[in-house]
């Protein structure tokens, strides 16, 4: 049994060590895999704030992931084709600058989360799961038929966007960007969890009635958590699109939302590092099992089943010997 | 648009809704009694369709195919209930989601491994093929009328089962209070297996019936699964009546939306663009419907619990 | 004559054919403990819900410190000085004892939008939370997870959370529920000392505690107030004996 | 992942290999719903490689699961880790759009055995990108031409609401000159077409053109057949390929579809291909198998003329398309897309097996309309 705080550092170091090893071993694709894991982890960290701390089981977080992706796609598309983005009353130029894209992705996905949250938080339980799914499906179908930006074919960006002072096309440098962002968000998440707001959110999940009777509004607290959560997942979406240099409606698909939830459960719900463990393991399995057999989904399914049945509290719960981050 | 066409489209919507009901009824029953979110329900639909196609191919009998679909799906349902699901009743909803998601992966690739990657053939039996002329001169496929009839009959049968039989009493008791039925001396684990198999059989039946007019292929269950969830959420989870109303609503919305929205946009847009915009909105229509219903009634039309 | 801190005027609430409260008018005066008693199903819980904001009355008003709060939200009433404890402990079981108290302090501070500072390092919150825990005798249990507390300690923590709000009135829903004789005695002593801080509306089944604590008693039967007055009067009232005490004995 | 290196096939033939000189990365769809197409392309490709007897081709095969992000990731792997020279295999246009621009920008050759999105034929064309199948519009244009020649003047047309579907209707309208009785965009992945069929019935059309690939086409045809509507149907070959026909059954009989390939095209290459494919895999080859086969033969023909390390020479060799295609005459247009004859076929039953028979030529030596927009 390992103390969770030690384990957390170990996990982070592990994720950092793999690409560094790959760099020396000249295995650039391994770096790409690690980058993918870091970005998926970031998306799931976002969801974990809503789901793990706030108890808001969103089955629609692909919506924010996709919004982030399309923010990147649309801005970069206008920049690479030198056409301004026409917004009716005014038009803006596209951009290939990552920081600006990130900012727009954060703001727009946060805004979407605010609207969706406002409407969805009236419901609870399975209804909340399904109403968030419904919103994501609307985005999915809309993006499929939105021919301006490629519809189902998606949108290709030929060159990865730029970050001042870095060569983002170099796999290890792009990994560095993603890893630093992941660490920043994890740090923010850790602070948030221990902050007065985190305390209120945590209580709003467990005993909303109590939160009300001390004069706080659980709805507003959950809504804000949902906005933060959506914004982070949106940021991850922008990075994911940049990793692939491509966006498509699949980023909005319900399978994507499901995958985020799965990542969290594998790692451990509500655990700080749960999403990181889940994403790393998922990418690893996908890569390794896929090499073994055409029917690798069967084995993936079996492994997931074993995790649910025998490692309650996810892998972190299993390793630390504590079943739940809560409970 | 002529009246005949509209009536025909309403029939289409009802038929689609009735098939959705078969899926949704099992899903809502399983959730109502066991509190389980079963993502693998779509896989049982697929199992039914594949079993039917295999048996129809071997024997040439559509009735035998339906029986095989019912049996195979019920058996698959009972099996996963006893091997996996049973261990998860005490677990959090999220664990159930992950476990049943894993089952989807296993079923989908397992079916592909067993039957191959190409779609299977399953056809309407001769005695149900071709159109019939309805009063008013509407030409309508006989098979689709049969689907409506079968769906309604199953719905009535379910109502009878739940309202009028001993098993129904146990199911209703199970929805309200697990401890109580245990105290009454009902064998809970047998009841759960039974309900799960019943839900699975309904999904398998739907798969076989629909498979005859669609394509029997790997992955056919997932889109239907999402629709079935939409249905039970609109209707109110756990309510069979809600599932029925929800299914018809979704069926009509989807069918009529696809017809009228392009025409509606055609009033003020060029035909090609109108068709494109209309169909884009139409594909979102049921989700918009669900959202509106939930905003209006946060626990569905007939839902008791929030 | 004191202005009552809390007052209900003709509260009516029915669910279908069932009338849960019928023209209930009671008041809570500074410095007193006012007990509401009645058999199961008398409407006590519905009354508390209406006072605290969980249920909207069909008719009638709730006045807090002279202001009409009938349509105010639960949070607004809490901010206006109403602190309630729950019949079944509503505590964040996964959190520590201190964290539960901090939550109350956070509510009282009115500034929950703090994302960076550690909650346990926020001096304003911590002082208030610790003072409340100290008052109920749980200060040394601060790091324990709430789920590990004994039943009696949870009841005390309920009171502590209410205390962090520095309320103008306490609403206590069967605080003695499930306590043994010793626990009851301990909590009775605690509540006895609280009345100086703010008056308590006490809904309670434990008659020993009620008679030990209450200054006034209201008897609720089938949603109606059948008697209200000083303890001695109620004890002597034949109607109460017949309707309630006789039945309970 | 699936390192189905040639070695596997070769060992069976008892051949040993020296070092591989051309490394081919094949990303195709091998699992999930669209797997049948990718498997056919792979099998056709590997058959040609095996038949060539060459020991200097190494093929690395990976499954994209029909997910664009996986495809991009695999492409990165092929380019960064495996350092392939040539890439191929992608079935679906949206995956092609995700992978091909990046691959060609990094100096790799890409030979498309299937998808031919218009963006890559027009402004997005690239000197290292060759399409060995068709430009996406081609078969639809052929369908339109067939409809015109057959004397149809009032078509009802439908396709899913996504770019390939929109291109399909545009392609049909480009060559078809009559009236439109109706134009419908269905949902992608839709399985029930009762509503559309009712509209067709009411429209008074004299012909129906549809583009509904995969399971959508199976559903449509079965339901159309059962509806009693007997307006003639025309479609591109995608809904009538060998893998799908058996699942459609009688409902497809007599339907006219357009294809650049058919198993009864008379030339020695094709006859040998059909026979050897059947012998090797125990099933009739499909359109996709023929495309995979042709793609491999194009590659081999270029290897015979030039070294892949000399990109300019290799590109020139590819451009000559000096190989025996299963389709007969084959050459590349200026934007590296095929110029070829497209046939009209009819679905027939041979014994127990449903298959296609050529009934005429729809378009002779047909290229595509995007050449003007392409500047290499």
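Going in written order, the chains are labelled A, B, C and D, and every chain counts its residues from 1.
FYI, a contact is a pair of C-beta atoms (placed from the backbone, for glycine too) under 8 Å apart; a residue touches a chain by one contact, two chains touch by 3 or more.
Quantities reported herein were computed from a predicted structural model and do not represent experimental measurements.
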Inset, instruction - Return the chains common to the contact lists of chain A and chain D. - result: B
Legend entry - Starting at chain C, fewest touch steps before arriving at chain D: 2
Inset, instruction - State which chain is most central when centres are taken as means of Cα atoms. - result: A
Inset, instruction - Tell me which chain's centre, taken as the mean of its C-alpha atoms, is farthest from chain A. - result: C
Legend entry - Pair of chains joined by more contacts [C-beta pairs], B-D or A-C: B-D
Inset, instruction - Let me have the rounded angstrom distance from the C-alpha centre of chain A over to the C-alpha centre of chain C, please. - result: 43
Legend entry - Inter-chain centre distance, chain B versus chain C - centres from mean C-alpha coordinates, in Å: 49
Inset, instruction - Quick one: report the Å distance separating chain B from chain D, using the average Cα coordinate of each chain. - result: 35
Legend entry - Centre distance in Å when chain A and chain B are each reduced to the mean of their C-alpha atoms: 31
Legend entry - For chain B, residues contacting two or more additional chains: 108-109, 112, 276, 279-280, 283
Inset, instruction - Please set out, as single numbers or ranges, the residues of chain A touching at least two other chains. - result: 141, 144-145, 147, 295-297
Inset, instruction - Note the residues in chain D that touch 2 or more other chains, in rising order. - result: 31, 161, 166, 185, 187-188
Inset, instruction - Could you classify the connectivity of these chains, where an edge means two chains touch, as line, ring, star, complete or other? - result: other
Inset, instruction - Using the contact rule from the top, write out all pairs of chains that touch. - result: A-B, A-C, A-D, B-D
Legend entry - List of chain B residues in touch with chain D within their complex: 2, 4-5, 8-9, 12-13, 15-16, 108-109, 112, 117-121, 123-124, 129-131, 139, 141, 143-144, 210, 212-220, 223, 255, 258-259, 262, 271-272, 275-276, 278-280, 282-283
Inset, instruction - Report the residues of chain B in contact with chain A in the complex, numbered from low to high. - result: 31, 37, 84, 87-88, 91-95, 97-99, 101-106, 108-110, 112-113, 226, 229-230, 233, 237, 276-277, 279-280, 283-284, 287-288, 290-291, 294-295, 298-300, 303, 305-306
Inset, instruction - Provide the residue numbers of chain C that touch chain A in the complex, in ascending order. - result: 52-54, 73-76, 78-79, 83-84, 86, 90-95, 99-100, 102-104, 106-108, 110-120, 122, 125, 161, 164-165
Legend entry - Complex contacts: residues of chain A adjacent to chain B: 51, 57, 119-120, 122-127, 129-131, 133-135, 137-138, 141-142, 144-147, 254, 258, 261-262, 265-266, 269, 295-298, 300-305, 307-309, 312
Legend entry - Residues of chain D touching chain B in the complex: 31-33, 35-36, 39, 161, 166, 169, 183-189, 191-192, 194-196, 198-199, 201-202, 214-216, 218-219, 222-223, 226-228, 243-244, 246-251
